[in-house]
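One chain, subunit A, links the two complexes that follow: it is found with subunit B in the first and with subunit C in the second.
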Partner chain A sequence: MTFLSSGFLLLVGALLITYYVLPKRFRYLALLAGSVVFYALAGRAYLPFLTITVVTIYGAARLLGRSLEKQKAYVAAHKTELTKEALGAYKKGEGRRRTAIFLVCLLINLGLLGALKYTGFLLSAFRAPWEVHWVLPLGISFYTFQSVGYLIDVKRGKYPPEKNFLRYALFASFFPQMIQGPISRYDMLSKTLYEGADFDMDRLGRGLVRIAWGAAKKLIVADRLAPALGLLFGAEAGNYRGSWVFLGMVLYALRLYADFTGGIDMALGVGELFGVILPENFDRPYLSKNIEEYWTRWHMTMGGWFRDYVFYPLNVSKPFLKWTKRLRTKFGDSFLSRLPLYTATLITWLATGVWHGAGWNYALWGLTNGVVIILSLTLKPLYDRFHRRFPSLKEKKAYGAFEILRTFLLMCLIRLWDCYQGPGGVWRAFSSLFTVFNGDAALSGLDALGLSLSAWVIVLCMAALMLFVSLQKGDGSFRTRYLNTPARLWTIAGLLLLLCLLLGAYGPGYTASDFIYGQF
Partner chain B sequence: MEAMEKGKKRKNWFAPLCVLVLTGLLIWGLGRLVRPKYASGITLEGSMVENWYAHAKEGHQVLFIGDCEVYESFSPVTLFREYGATSYIRGSAQQLMWQSYYLLREALKTETPRAVVLSICSLRYAEPQNEAYNRMTLDGMRLSREKVEAVRASLMEGESELSYYVPLLRYHDRIFELTAEDARYLFSGPELTYHGYLMRTEQVPFTWLPAAPLLKDANFGEKPVEYLTRIVDLCREKGIALILVKGPCLYPAWYEEWDAWLEDYAADQGVTYLNAMKLTDDMGIDWATDTYDGGIHLNVYGAEKYTRWLGAYLSERGLIEDQRQDPVAAARYEDLGRRYEREKQRRTEGNE
Partner chain C sequence: MTFAQLLDILRDLHPDIDFETAEGLIDHKVLTSFDVVSIVAELSETYDVELGAVDIVPENFNSARALFALIQRIENE
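Presenting the complex of A and B:
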């Protein structure tokens, strides 16, 4: 089930009525029921896996919470009568218990994710004589990470665990974020998820505009480009070299952006219909001036997750701190003393790559990102020296545009891992950019990609509209600037709906392309 | 204060309601615009179902229902000229038995003919054959319970039911292929037939047709038989004489086993079954001059002969009456006849 299926639209419609008819305190139950129905419709076989995650994380978080409370109460009660060492020993004991609970729960959930997602790949990678085709529950990477993040936060004592099982189950399974995220944090999402918002026509309109805008991006750009990219990166990819590769990687960047941000817009829009504020996942990433900035603006919730729950803990873990200390003593403030930092960076990016999918390409994609980030960190002193020499350069708009273009093309190149099969395919495509570019070939052969001239014009116009909307964000979002009266809001909603229906790629002749990020 | 609150609430609903209505109208209008008009080319049949609504309240004595074995085989103009009987053909290309049932049911909401002549040729199809034929029959139906049921009975795998009610969903890509015809027939389709009769004047004599393939299963499918029985029941309930006809067409094959089954079925149900294939000599059909495609379909000369024969059959059994003295009917058929003759002459000259 996708956002654009009639089943999903009917479900949301029915849920909206139910939600606002129910008394406020029961409204979250309607969302939970809707989430269960959504998940069951997506695949009944998925439900047991989601249930395992919900039950184990809820149970473990409650145990962790109790342990923390118990420890707090014990310390408060015995603060005066026990020595510091005795209190320390008690805390250590409780800490160990919590770590055991945490690790068991983590093992169950990451083990489940790993087994379902990676067993097939590992068996084929190690040329095992048998194959497995296990079910891969919808959104398992998203809900597992969201739940694990919650468990880690509870363990860290960031907030107490949710006591109401149904409320927690809703947090873990809230249906708009099951298809492709965003990965929410409990402390942020719970503010609006359970409050049972009052009916507000303007908010409903804003939600619908966001849904329609997302659908327009998906149907008019992403799905229209899908057949052309299927040709460029499909079985006949070997026939498309040089400028075709360049065209393909740029179009893929456009498609991926339209597809992923479109899906996120729809998820956030659906949340808004119920007064639930989901976290933003993008902040005009293609306007980033370097790769580090890019990764703080693209798939922000995933980046934040890996930063908070993998990179930072790893970097400040005892072995890493010891290692850093040792290297600092030996090499001072040189490249070598930063080896632990770089190792943590590479591990984080490897994990990010593997999270995206089971395949060498994903791992290599992650590592490439890590290497480029490390290189840019290492070369930073050089950049700084260069800019000290030419101080006015940074203020020039043309230089800013150059930085944006450079980052965009760099990300396009890294994404070649996403487009071609195996390192050999990526290398052949990459090298052809410099050996057989032949710029005329791609330009004169555009019609061979299965899109009519009118379809190209539509895609380009919509891409221009997306850019225009993005550029408005500099002074507050497009919505706050232009959609500030009900008449404008609803007119735009109606126009976007018409735009989707008239210019979208759907119906016979098109296979409704699932959201690209849905497969992760 | 309360009044102000009420006013504010009303105001809150105003913009969304206006946009909803406008968007709905635009979806409807754009759907009309992009929908194929079937005004030229080889798929003229696609406009025929919609044409009936302009004649729905005329009150016809005979209603023909079915596929090409009615809409290219009977001439309502000839039937009126020779016997004074008013008639209309609700037919379209490869009209399946369940589609015939729903088209008849819809027609009977506004008229009660004395006789219904039903082509049974489509009994051979147990399931819908392709989307294009479905569309040509169903797109022209106005939204009604009959349409909804007809669509549900006809849907093929992968087809969207909603797109039959919101044509924009199916034809939106035609926005890039629009022609002047699409604007011209925006609100009402072209009327290319003569009370449902699609005229063909070419003469391509029968020479050879492939041999009939071996019949694997002598039984018709359950679904078409079920709908045939529904048609029989509907006509019985309304007191309408039902005549099942197999048209005089040499191809595709009509098997003896099917013929025998229909003889038995008609006898069981107390309705008439006429296999025109066995009566072509009585009608005077000449396969050298009366077919436009070598024996598969009749041309206008063959259709007129077949109509004359059927008119005599209906007249002898008192199923039609002479309305030529009725000024309304006479005027209507005079206009229609003039157009019919003009077209026949134009086309015949074109053929030469």
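Presenting the complex of A and C:
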């Protein structure tokens, strides 16, 4: 089930009525019931796996919370009578218990995710004589990471565990984020998830605008481009080299952006209908001036997850700090003394790549990102020296535009791992960019990609509109500047829905494309 | 460690920022995750101040004053 199915629209409609009819304190139960129905409709076979995650994480978090409370009470009661060492020993013992609980729960959940997602790939990678075709529950990577993040936060004592099982179950399974995220944090989401918002026509209008805007991006840009990209990167990819590869990687960037941000807009819009604020996942990423900045603006909730739960813990772990100290003593402030930082960067990016999917391409995509980030860090002194020599350059708009274009093209190149099969396929496509010069053929053959001239014009106009909206955001969000009266809200919502109906890729014989990130 | 020593560490990373008054260092993306890791490593190596992953939250790194308050808390524990 996707956002653009009649089943989903019916479910949201029925849920809206139920939600606002119920007394405030029961409204979260309507959301939980809706989430269960949504997930059962997406695939009844998925439900047991989600249940295992909900039950184990809830139980483990309660045990961790109890242990922390017990420790706090014990320390307060025995502070004066016990020595510092005795208290330290007690804390260590409780800490060990918590670590054991945490690891068992982590093993169950990451083991489940790993088994379902990677077993088939590993068997084929090691040429095992048998195959498996296990079910892969919708959004398993998203809900598992969201739940594990919650468990880590409870273990760290960032906040106490949720005591009410049903409230926790809703946090882990809130249906708009099950298709492709965002990956929420409990302390943020819980502020509005259980509130039982009052009915508000303006908020409803804002939610609808966001949903319609997301649908427009998905239907008018992403789905219209899908057949062309299927040709460029499909079985006949070998016929499309040189300028075709360039065209393909730029169109793929556009499609991925429209698809992923469109889906997130719809998730956030649906949340808004119920007064639930989900975290933003994008901040105009294609306007970034370097790769490090790009990754703080694209898929922000995933990037934040890996930063907070993998990258930082690795870097501040005792072995890594000791390693850094040893290398600094030996090599001073040189490239070699930063090896621990680079190792943590590569591990984090390898994990990010593998999170996206089972396949060598995903791992190599992650590692390529890590290597490029390390290179840019290593070259930073050179870059700084260059800017000290030409201090006015950074002030120039043209230079800013050059930095944006450079970052955009770099990200397009890294995404070739997404587009072609295997390192050989990626290499052949990449090298043809510099060896095959067929710009004329690519331009004159655009109609052979399955899109009519009018379809290209529609896609480009919508892309221009998306760029216009993104550029407005620099001075406050487009919504706060332009959608600030009920009349404007409802008019824009209506116009956007009309735009989807008139210009979207749908109709007889059309099946809504799945969201690209839904497969992760 | 003193506030002045902390300012030295921060200025080494970004000589162009006035860390005595700057706020929102994380929120406004003045400090990157690599800067944060460098600060933690420097604090551990030179001043034996050990920050845990739990301490690395925006509130503690948004200003030099907030970071110094955290360091003092850790030193007093």
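Here is the rule we go by: the second predicted complex is superposed on the first by the 517 of 520 C-alpha atoms of A that agree within 3 Å, B and C clash if a C-alpha of one lies under 4 Å from a C-alpha of the other, contacts with A are read in each partner's own complex, and residues count from 1 in each chain.
Note that in this section a contact is a pair of C-beta atoms (placed from the backbone, for glycine too) under 8 Å apart; a residue touches a chain by one contact, two chains touch by 3 or more.
Note that the structure is predicted; figures quoted are calculated from it, not measured.
A.B. asks: Look at A:L382 in the shared chain and tell me whether it touches subunit B only, subunit C only, both, or neither; answer first, second, both or neither.
C.D. replies: neither
A.B. asks: Classify the contacts of A:S6 with the two partner chains as first (subunit B alone), second (subunit C alone), both, or neither.
C.D. replies: first
A.B. asks: Who does A:A398 touch here: subunit B (first), subunit C (second), both, or neither?
C.D. replies: Once the two structures are laid over each other on A, A:A398 reaches no partner at all.
A.B. asks: Should A:K325 be classified as contacting the first partner (subunit B), the second (subunit C), both, or neither?
C.D. replies: After superposition on chain A, A:K325 lies in contact with subunit C alone.
A.B. asks: Between subunit B and subunit C, which makes contact with more of the residues in subunit A?
C.D. replies: B
A.B. asks: So in the superposed three-chain picture, is A:L498 touching just subunit B, just subunit C, both, or none of them (first/second/both/neither)?
C.D. replies: First partner only.
A.B. asks: Considering only touches as defined above, state whether A:N315 meets subunit B (first), subunit C (second), both or neither.
C.D. replies: A:N315: touches subunit C, not subunit B.
A.B. asks: Give one of first, second, both or neither to describe whether A:E293 is in contact with subunit B, with subunit C, with both, or with none.
C.D. replies: Only subunit C is touched by A:E293; subunit B is not.
A.B. asks: Once the structures are superposed on A, label A:K158 by its partner contacts, choosing first (subunit B), second (subunit C), both or neither.
C.D. replies: second
A.B. asks: Scan A:A76 for contacts with subunit B and subunit C and give back first, second, both or neither.
C.D. replies: neither
A.B. asks: Going by the contact rule at the top, pick out the subunit C residues touching subunit A in the complex.
C.D. replies: Checking each residue of subunit C against subunit A gives 29, 32-34, 36-38, 40-41, 44-45, 50-54, 56.
A.B. asks: Using the touch rule from the top, collect the residues of subunit A that touch subunit C in their complex.
C.D. replies: 156-158, 292-293, 296, 307-308, 311-313, 315-316, 321, 324-325, 328, 341, 344, 377
A.B. asks: Would you pull the subunit A residues touching subunit B in the complex into a rising list?
C.D. replies: Against subunit B, the touching part of subunit A is residues 6, 201-202, 204-205, 452, 454-455, 486-487, 489-491, 493-494, 497-498, 501-504, 506-509.
A.B. asks: Sort out for me which residues of subunit B touch subunit A in the complex.
C.D. replies: Subunit B residues touching subunit A: 11-16, 18-20, 22-23, 26-27, 30, 131, 158-160, 162-163, 168-170, 172-173, 175-176.
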